[in-house]
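Some structures are shown below for you to check.
First subunit A sits with subunit B, and in the next complex the same chain sits with subunit C.
Then we have the complex of A and B:
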C-alpha cells in the first residue's frame, strides 16, 4: 500500500506528458529543457554537542558533499540546534566560533610529549602515549598510595595524581570514568565540562 | 567622584532561570487568513522567467480565486466538543482526510468553492483546460464526490486534469475547517509523518525564522495547510536520523531557488522538500514546491521517492 502511494506522488521526467500540467494544455517541453541544465548539489547536516562547557548545547554541523566515496567533503558552517531543549538554537560567542576551532592550525590532532627538561614537543603514537601514562600512573600510585592512616584507619586513597575528564561525555562514559578513577583510589577528579 | 553601585546578584532562583529560557517552539501552527493571498503572490513572482511560467501563473491565479472563495464562505463551526475529546484521547486527527463527511452538493462549502473556482478559471484557462472545466461542471454530486475522495485518499483512478480544480476546492474547504480550530483542540503526535489536524500528507516542510523558534522546522499539510513541528535532520516519513542528506539545484539560474532543498533518507529512500525562510524570507512551502519540480525529477533520477503531495501536480 505504502509503495503504491509513494509511486503515486512520483514527479519524474517520464511522467510529465501525462501530468496535470500537460493535460490542462501547458507545454512541458520548456520545463524538460530546464531540468537538463541543472544538476544536484549535495550537502549534509549532522547533530553534535558543543565541546566547550557543561551546558552541553546542541549544534548542527553543515558540510558540503554527502559523504559518498570520492566526493569532496568540507565543513562549512556550525550553528545552534533549534530542536535542542538546552539551547534552542542559540550559542554563546565561544560556541558560535566553533568553525574556527575545528579548522584551527593549532588544533591538537595526535598525542605529543614534552620530556622533563626539554623545550620541545615530540609527536608520539597513541600506543606509546597510553603505555607511558599507565607506567607513570602505576609508579606514582605504588610510591604514594595510602592504604591506612597513621592511626590505623583504612582509607585506600591516592592523593598525588588527579584526573580531568572530557566534556560532551555521555552518561555511559561518565559511569566508566568514575568506575576506573575511583577504583584506583584517586580523589581529585573533575570534568572539563565544569570549567 | 562617587562610585556607582551596580547591583549584582550572584545566584538566580530556579524561577528566574526558567523565566529567562527561550519558550519551546509551537508544536502546531494553524493556517492564517492570508494563506492563499501570500501563496498566490509568491507563485506569481516565481513564475516570472520560469520555464514552467505559464503553468505556474495559471496556478497562481487559481490560488487567488481560492483566496476569494475562502473569504466568501461562512467560517466553519467549532468542532463538536465530544468528538474533539474523543479524537484527542485516541490521538486521531479531528478533520477527516478521507472525505467521509464531504458535502459535494452545490450547497456545501466544497461545492460553493468549486463553483467559484471553475467560473473564474474558465476566463483565464487555455482551451484544453476549458474543456476539462466544462466536463467538471457537468459531473453530478456523486461522481464529483467520488473523484474528490480518490484525490483525498491518494488512490489512483481519478482524472489528472480534474485534480488541480477539485484539489483547490478541497484545500479551501479543509483550510476553512482548520481555521475554526484552536491549537488545544488537536493532539499533536511527536514526529508525526501525517497532518495531526486532518491526517493528510505533507506537501513539503518549512524552516521558520523569527518569533516562535528560529530555525525550527514544520511539515506543511498539502490539504489544510496546518504546520506541525518535526525535528530537523530526521526523515519525516520514517523518522530515521541515519543517512540523511540534502540535495539542491546547482547551475546557472539556480540561485532563485536557493530556499529549496530536498531532504533524502537512505533508510527508506524517500525525499521531502525543505523550504528555508533563512535562505529566502519570501519562500512559501506550496508555491516553492510547485516551482521546483525539476528538482524532484533530478532526485527521482537519483533513486529517491517523493514523499510530498502537491494537489496541483499529479503525474500517475
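Then we have the complex of A and C:
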C-alpha cells in the first residue's frame, strides 16, 4: 500500500478522533440487556416418577412440539415435581441429571436375551420376551409347585422362582404385581426398594 | 423475553444513567452450609438448566469434582477438612459460585459496554454477545468466580438463573436442593431466615455462627449461614473481608475521568492552536532556497 505523507496524516487523524469520540461517550448504542429466553415457555409437561431408587421422586418431563403431523416432539428438560408429596420439587444429583440418562447412548431400549451357554446378547421382540418368560415360568411351576406337604398340610407354594418388582410403581400397579405373584404361589418376592 | 419488568441498575462501560423510579424487589439466595450434605444436586441442576456440560474429570483424592469453577461449571462444591482442638475433625462443605455483589467488581472492571449487567433486583448477569474476552472481570472479582471459555473466549459465570427469576421461578439449584439448604426470596426474608437459623446454631453450641453478607462489596445477593462466621477462611478460603482490588477502583474510578479529560483537553487545545496559529506554512523564499540546495546536491 502506497501512502503519501498527507494521506498518512489523514488516516492517523481519523483514527485518533474516532477512538477519542468513543472514549468521550459518543459510541454507537448497543442493544440493551435481556435475560435468556425462558426455555420452558411452550413445552408440554408430563408427570412421571424417577426410575432410580426406592424413594420414587415425582418428576416433570418438559418436551417441545405441539404434536402437529410434521412436528416431531423432543424431550428437552426434566425437573422435580413441586406437587409430589415425596420430594416436593427437589431431586438428588442422579435425578437432576435424568435428561442425560434418557438420551444416553447406552440406554436399553428393547428386550434382550442371553441364551444358556451363549456369551452374546440377542435382541428380541416384546412378544417373544413375554412368551419366553411365561413358558419358562409355567414349565418351572408345573415341575416344582408344592400343593401339600408330606403330612398333608395345604401350602400351595412355588419356591424355585423369585420375582423382583420395581419400587417406582403406582399403588395400583404395585397391588396388581402383588396379586399376580402371590396367586402363582411365589414366596421369594422382593422389591427394588431394598436394592 | 422477560415476563417481569427487569430494570437495569448498572451496565458495564456505560455512562448513561439507568432507569431508577420503579421499586424492584431485591432478591437473594441463602446457602445454609450447616445443612449441606455435599450431594452436588445443585451442580447437576445448574448444568441441566443452563445447557452446559463439563468434561468428565479425574479423581484427585477429594470429593471436589470438578476441582475448580470452569466456563461450564458455574457452581462447585468445596470440601474442606478442618481440625481443631475443641471440635476435632470437621468436614465443611461450601457451594461456591457467583455471590452477586451489590457493588460488583467484575462490572466495574469490564471495558466492554453492556457485557456485564446488574439488574435492579440485584442479579449480576453477563451478556456474552458483548463480551470481548479480555478477562478483566476475573481481576475485578473479589471471589475469583468468572471463567473464560476455551471454546469461544468469552466469560461465563452463574446468572442466578435470571431467566427463571424473570418469570417468577426460583433458580435451578434452589429448587433441586434435597436438604433445603438453599433458599430463595427477597433479601429481607433471607436475612430473617438466616437470623432464626443462627439462633438455633448458637443454642446447639456453635457460638460463632453467623450470616455472611460482606459489606466490603456492599453486601451480596448470595449469602451464607456459616457455623464459624468468625473464620470464613475455613470454608475453602472464603475471604473474610472481600473488596474490589484497589487497582480496579483506581483505574476505573479516578484515572478514567482524568484520561477522558486529558483527551478532551488535547482535542480542544489542538483546535485552538489551529484557529490562532493556523497551518504551518513554508514561505516561498525558504522553498526556493531548499530547491536550490537540492539541485546543487543533484549536480554533485
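We adopt the following convention: the second predicted complex is superposed on the first by the 149 of 195 C-alpha atoms of A that agree within 3 Å, B and C clash if a C-alpha of one lies under 4 Å from a C-alpha of the other, contacts with A are read in each partner's own complex, and residues count from 1 in each chain.
Here, a contact is a pair of C-beta atoms (placed from the backbone, for glycine too) under 8 Å apart; a residue touches a chain by one contact, two chains touch by 3 or more.
Quantities reported herein were computed from a predicted structural model and do not represent experimental measurements.
J.: Applying the touch criterion given at the start, work out whether A:15 contacts subunit B, subunit C, both or neither, answering first, second, both or neither.
T.: So A:15 only meets subunit B here.
J.: Please indicate which partner A:44 is in contact with in the superposed arrangement: first for subunit B, second for subunit C, both, or neither.
T.: first
J.: Count the residues of subunit A touched by subunit B and by subunit C, then name the partner with the higher count.
T.: Of subunit B and subunit C, more residues of subunit A lie in contact with B.
J.: Using the touch definition from the top, say if A:83 reaches subunit B (first), subunit C (second), both or neither.
T.: first
J.: On the A-aligned overlay, A:60 touches which partner chain: subunit B = first, subunit C = second, or both, or neither?
T.: After superposing on A, A:60 lies in contact with subunit B but is clear of subunit C.
J.: Which partner does A:34 reach: the first (subunit B), the second (subunit C), both, or neither?
T.: Both subunit B and subunit C are touched by A:34.
J.: By the touch definition at the top of the document, which applies to A:131: first (subunit B), second (subunit C), both, or neither?
T.: Neither subunit B nor subunit C is touched by A:131.
J.: Could you tell me which stretches of subunit A are touched by subunit B in one complex and by subunit C in the other?
T.: Residues 20, 23-25, 27, 30-31, 33-35, 37-39, 41, 79-80, 82, 89-90, which sit in both footprints.
J.: If we count contacts the way the header does, which residues on subunit A are in touch with subunit C in the complex?
T.: 17, 20, 23-25, 27, 30-39, 41, 77-80, 82, 87, 89-93, 95-97, 99-100
J.: Taking the touch rule as given, give the residues of subunit A at its contact with subunit B in the complex, in rising order.
T.: 4-13, 15-16, 18-21, 23-27, 30-31, 33-35, 37-47, 60, 66-67, 79-83, 85, 88-90
J.: Using the touch definition from the top, list the residues of subunit C that touch subunit A in their complex.
T.: These residues of subunit C touch subunit A: 1-3, 6, 8, 11, 15, 39-41, 43-45, 47-49, 51, 53, 113-114, 117, 119, 125, 127, 130, 159, 162-167, 172, 175-178, 180, 259-260, 263-264, 267.
J.: Quick one: in the complex, what on subunit B touches subunit A?
T.: Within the complex, subunit B touches subunit A at residues 22, 24-25, 51-52, 54-55, 58, 125-129, 132, 154-156, 160-161, 163-164, 201, 213-217, 231-233, 241, 244-254, 261, 270, 293-302, 305-309, 312-316.
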